[in-house]
Amino acid sequence: MHIVVTNCNTTQEMTEEIVRGARAAAGPGTTVTGLTPAWGPESAEGWLDSYLSAAAVLDTLRTYEGPRDAVVMAGFGEHGREGARELVDVPVVDITEAAAHLACLLGRRYGVVTTLERSRGQIEDSLYAAGVAQNCAAVVGTGLGVLDLGDVQRTQEAFVTAAERAREAGAEVLVLGCAGMTGLQRAVGEKLDLPVVDGVAAAVKLAESLVSLGLRTSRVGSYARPLPKRRVWGAGRG
Amino acid sequence: MHIVVTNCNTTQEMTEEIVRGARAAAGPGTTVTGLTPAWGPESAEGWLDSYLSAAAVLDTLRTYEGPRDAVVMAGFGEHGREGARELVDVPVVDITEAAAHLACLLGRRYGVVTTLERSRGQIEDSLYAAGVAQNCAAVVGTGLGVLDLGDVQRTQEAFVTAAERAREAGAEVLVLGCAGMTGLQRAVGEKLDLPVVDGVAAAVKLAESLVSLGLRTSRVGSYARPLPKRRVWGAGRG
Amino acid sequence: MHIVVTNCNTTQEMTEEIVRGARAAAGPGTTVTGLTPAWGPESAEGWLDSYLSAAAVLDTLRTYEGPRDAVVMAGFGEHGREGARELVDVPVVDITEAAAHLACLLGRRYGVVTTLERSRGQIEDSLYAAGVAQNCAAVVGTGLGVLDLGDVQRTQEAFVTAAERAREAGAEVLVLGCAGMTGLQRAVGEKLDLPVVDGVAAAVKLAESLVSLGLRTSRVGSYARPLPKRRVWGAGRG
Amino acid sequence: MHIVVTNCNTTQEMTEEIVRGARAAAGPGTTVTGLTPAWGPESAEGWLDSYLSAAAVLDTLRTYEGPRDAVVMAGFGEHGREGARELVDVPVVDITEAAAHLACLLGRRYGVVTTLERSRGQIEDSLYAAGVAQNCAAVVGTGLGVLDLGDVQRTQEAFVTAAERAREAGAEVLVLGCAGMTGLQRAVGEKLDLPVVDGVAAAVKLAESLVSLGLRTSRVGSYARPLPKRRVWGAGRG
Amino acid sequence: MHIVVTNCNTTQEMTEEIVRGARAAAGPGTTVTGLTPAWGPESAEGWLDSYLSAAAVLDTLRTYEGPRDAVVMAGFGEHGREGARELVDVPVVDITEAAAHLACLLGRRYGVVTTLERSRGQIEDSLYAAGVAQNCAAVVGTGLGVLDLGDVQRTQEAFVTAAERAREAGAEVLVLGCAGMTGLQRAVGEKLDLPVVDGVAAAVKLAESLVSLGLRTSRVGSYARPLPKRRVWGAGRG
Amino acid sequence: MHIVVTNCNTTQEMTEEIVRGARAAAGPGTTVTGLTPAWGPESAEGWLDSYLSAAAVLDTLRTYEGPRDAVVMAGFGEHGREGARELVDVPVVDITEAAAHLACLLGRRYGVVTTLERSRGQIEDSLYAAGVAQNCAAVVGTGLGVLDLGDVQRTQEAFVTAAERAREAGAEVLVLGCAGMTGLQRAVGEKLDLPVVDGVAAAVKLAESLVSLGLRTSRVGSYARPLPKRRVWGAGRG
């Protein structure tokens, strides 16, 4: 089975980190291919970045010609999911919803710990649209930007602090609200003795599940195929 | 990996049908064991049956001494799920929530097609408690009892009719709201050209996913271990 | 009028305490009979206990042969209510919903003060299913177990502390989230100058109200009579 | 126990009809006094009437000098309830909320059958504010005005038709959304084999319940006593 | 264009302050006329006052014979809005809803800062009925009464403190929950660096918008014209 | 005052039609400039188009160097709104939310009539995020594509039919769910005797209102300025 994982930004290192996480989660017969958009933001932090990222990721999926049995979209809280469902003929799983789906199975309420506080609104909206917001007790930011996650010690501390706030708000399970944070999962989980769900891993398992059950996106209603028409994919300006 | 699947009633044939469905969905390294409660109702239709079933299934899980890496609870809309999460140390997935989780990934709204109209309330409540009710467009009954599903032709027609009502209510994906209906899945799906999710298959894949990611039920808050105390499991009366 | 009050656990002393509270609330022409399940948990704390209790209480009601004009179910946040409505031909009132119904008449928001924090989820779900969760500002646990309520001084202090948290969350009325705490009602109410509703008393008055108005459970839809079928009520194992 | 029942309009015949219903529901030791506002609308149909009625009823309660242990407000869906709770020191029960509270105990969803379609919004808002809207499946109008209810045959037919629409929308219990319709209750209930709750009767029983349990409106927060200030109660113009 | 602004109380000075605010917001071609009810409360604080105010304001609008193209109702959280929509043939905008509508355009969540804590419930209900409660993060009281707002320094401090609480609850925009506080708007906004919306100004702009687009209240359904009938507008007692 | 109106697609004729509508609604001192994205879809129908459109519109706003006091985004149900709020320093009003805001002032429930049924989900999500979904009774599609609206007779009939369905679902006010349909507004409104709100006109009035009151997007929280970073705006591929 071929799973294509799309990074939501143009930073190649992040794609690689995401692919590592995806491969660690994938079953024996699954091949993972990471795609880095040729354009878009170098990191997605806020709505402007998210909409730019959505178009770039859709363009990436549109022009990708390799094999795929499913698509995993690895931007936590980022836009584009429904467009990808229209575009491709294979199942599409976004890491935001995927983490929430598995988290719901592990506790009565879950919490999301993410990077910047400004991402909270996007994440809440994304969980709502995916139909899994009800049992989310809180989305808490750490104050760290996506590209600041290099300092491991500081990052862990910030995530543990945010996770404690989520637990006080009622979270019994944590979701890491950012792609490419595999190391954090263990550290935070051990510190708080709570299950911690990583979106990339969750999405890979859900994608494998859908493929192995032969389930595909419904074409009735919301996710009908895009109508044929003239579309221009960007001006190519920096 | 060992998955234990619990039937919600005492009808052995139904356990076997459920186990067949579970095995068809399971991955290569997964062993499926079906458990039939030694007591409870011969079929679960309504709240009285459901509460009796819940206690019987919990007793079954409590006294089971074989291997298990995960539990799948195969009673659609039946009670007991949260009690099982307290009781066992492995992930527990109920087929009601499992089908809804996968359905949410395949369309913007899903619908549930079930047996008797009287089960609607239980199913709605179960989806709500699981945190996945929001995108459910409708729960529609066929008017057939659990033990009437033998007549294949009549059953298919009744399910297709109910499925059309769900689609009119906005469902883009269907969930079969009953265990042991593998054959129906194909028939209804082809007739309406909609993806159809079977709860048993969905739950097996989700259970495998949780196990392979090393995720376990949170012990903080709702699903803490049962307190040690005196409990008597039934009077043994007919 | 005969009101049957079911304890949710096997502890006879608690049944007696509940019956005392029920009798204090009952009108002049009302007789109260307390039933203690012959099996089940010695106290109900958590979902496992609650489902076991639900089956045991239903079995108790099923095999009870004395007179009854209404049933009061005296397990706060415990399951079984809807099954009892199917089973018996007289009105059924659960103390959880009863307390909430009366509390809604006394203030714009109410709060529930209960024993263990782990019961919060069950209580929230029970209020939701009963249709009276909307104006509940908070469910707060005291950290005391059901069988620890003997130490009056400590219990009062713990309940007052929890009640203050509920009031800060917006509660203008308090509900005692546990059966058999008649003494607490006065102590907590006086300390905080808030009305305090006891579920057993509330349920008795609501049951009397329904009976005197000639109102019975609807048999259309959810609470139709149980279908005739083979049911085995427990294995009788300890 | 003295229960004061306030009509929401100036039509004396309606007060008498309401008092008849209240007395039929009241317990042996309860005295019912009906109050007709000295001003306001001759019937309350729509928001303008409802706000005028609210002020007139509050003025009536303010200037009433007889005994009272509880107040029943007999305007279905009409305003004023919260103001009365501030004003008087005894429990206040509105027939809208009262009917809904009892209806919730009799089925999983209830429906309201009322006079004019234009009242639907007020009733929905009133149920929502009272905290009991969740399980309301539908509010259905008959198209008959309050003062057209004299034609018994036509009224019954219109209510049965509306009740059937409510049942199709999921109602398992009916609420008569108008004061002074005691006769209808039996006719509609028998025709549809559903329990039918009359608000006046329900409110009397709830008021008696609160009084006999010694429960009073909370003075903390929303329903604190009105502040002393200059208020002029109307211009006395026609 | 003629906009009639109704004060919700009988205090003439407040009408003048409101009219000043309305005129400052009005476009070049707009004339503002302030109306002070001839009866009602001298200030509206709580439900009793609010219902009395609603009737008095409706009586004022009913008997006003001057020109009007739109009505602005300047009582924050006060009742009467829907009755005015029935009564007059021109658009009606209430300052509560108006402030919320504009606030929604300026941030993802808004907060309301009002006078007494006891007004919170009315404001929440009013926002809900108007359909704009969803993005309200908090309604916070300052503890100051309407007629205490004279002490500018103390008032500003109290509002800034309350505004900070709203911001902590997630508000990105503030709404001043009281008429006649134009000066506060600048002070609070500068202190917290948040946009602050004044209801009177917002309502004037929305009223002008509706008038200039030729939009009028729908007469289908909820806001049909009042039925002709006998109504008496108050007893004229003090 | 300068209002910039962005078309959501690359069809110049549609920009012109939108600008005509905007100018008809604008006040005397307002200048309207229409912007057509240099890239993106020729019409926006579905999520893929919508995300592509969002990025293209943001790029258009980013590179626009003329004067602006406010931005009106003229894509009904299309994405991008929140990104524009981050990007520009002037108020941003989207026609979807604008129409809903004004509609809420004219009736208790409103309905949206749009082009293709597949747009329903996007519109519902957009209204929800804007905080004005609660009073939306229905979003109804006509089955006509954006570029099929040329046939006036057929278009009017299709819209009237859809509008009747919205009215049956409870809508008392209609919103035209598509930009550039000024003619339709009168035709549909007259046929059904309901107020009809056009999003472009509504957005222009709201934008003028915000500008004239000196209100700007909050920079606290969700809509903080975009972080400085490397972004590439498209590959320029067809």
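Going by the order they are written in, the chains are A, B, C, D, E and F; count residues from 1 in each one.
Keep this in mind: contacts are C-beta pairs under 8 Å (C-beta built on N, C-alpha and C of every residue); 3 or more make two chains touch, one makes a residue touch a chain.
This structure is a prediction, so every number in the text was calculated from the model and none was measured.
K.L.:
Taking CA centroids for every chain, report which one is farthest away from chain E.
P.N.:
Following the centroid criterion, the farthest chain would be B.
K.L.:
Between chain A and chain F, two touching copies, which fits better, same or different residues at the interface, with half of the numbers shared as the threshold?
P.N.:
Same: when the shared numbers are divided by all numbers used, the fraction is over half.
K.L.:
Take the average of all CA coordinates in chain A, do the same for chain B, and state the distance between these two points in whole angstrom.
P.N.:
Those two chain centres are 28 Å apart.
K.L.:
Give, as an integer number of Å, the spacing between the C-alpha centres of chain F and chain B.
P.N.:
Those two chain centres are 44 Å apart.
K.L.:
Where in chain F do residues touch two or more other chains at once?
P.N.:
Correct list: 82, 108, 121, 128, 221-223.
K.L.:
Name the shape of the chain contact graph, picking from line, ring, star, complete and other.
P.N.:
Its topology is that of a ring.
K.L.:
Quick one: what's the order of chains around the ring if we set off from chain C and go to chain D first?
P.N.:
C, D, E, F, A, B
K.L.:
For the complex, which residues does chain F have touching chain E?
P.N.:
Where chain F meets chain E, its residues are 25, 27, 82, 91-93, 97, 101-102, 104-109, 128, 130-135, 167, 170, 172-173, 193-195, 197, 201-202, 205-206, 208-210, 212-213, 215-223.
K.L.:
Taking the touch rule as given, give the residues of chain C at its contact with chain B in the complex, in rising order.
P.N.:
Spelled out, the residues of chain C in touch with chain B are 10, 38-43, 45-52, 54-56, 58-59, 63, 79-80, 82-83, 85-87, 117-118, 120-121, 125, 128-129, 145, 221-224, 226-227, 229-238.
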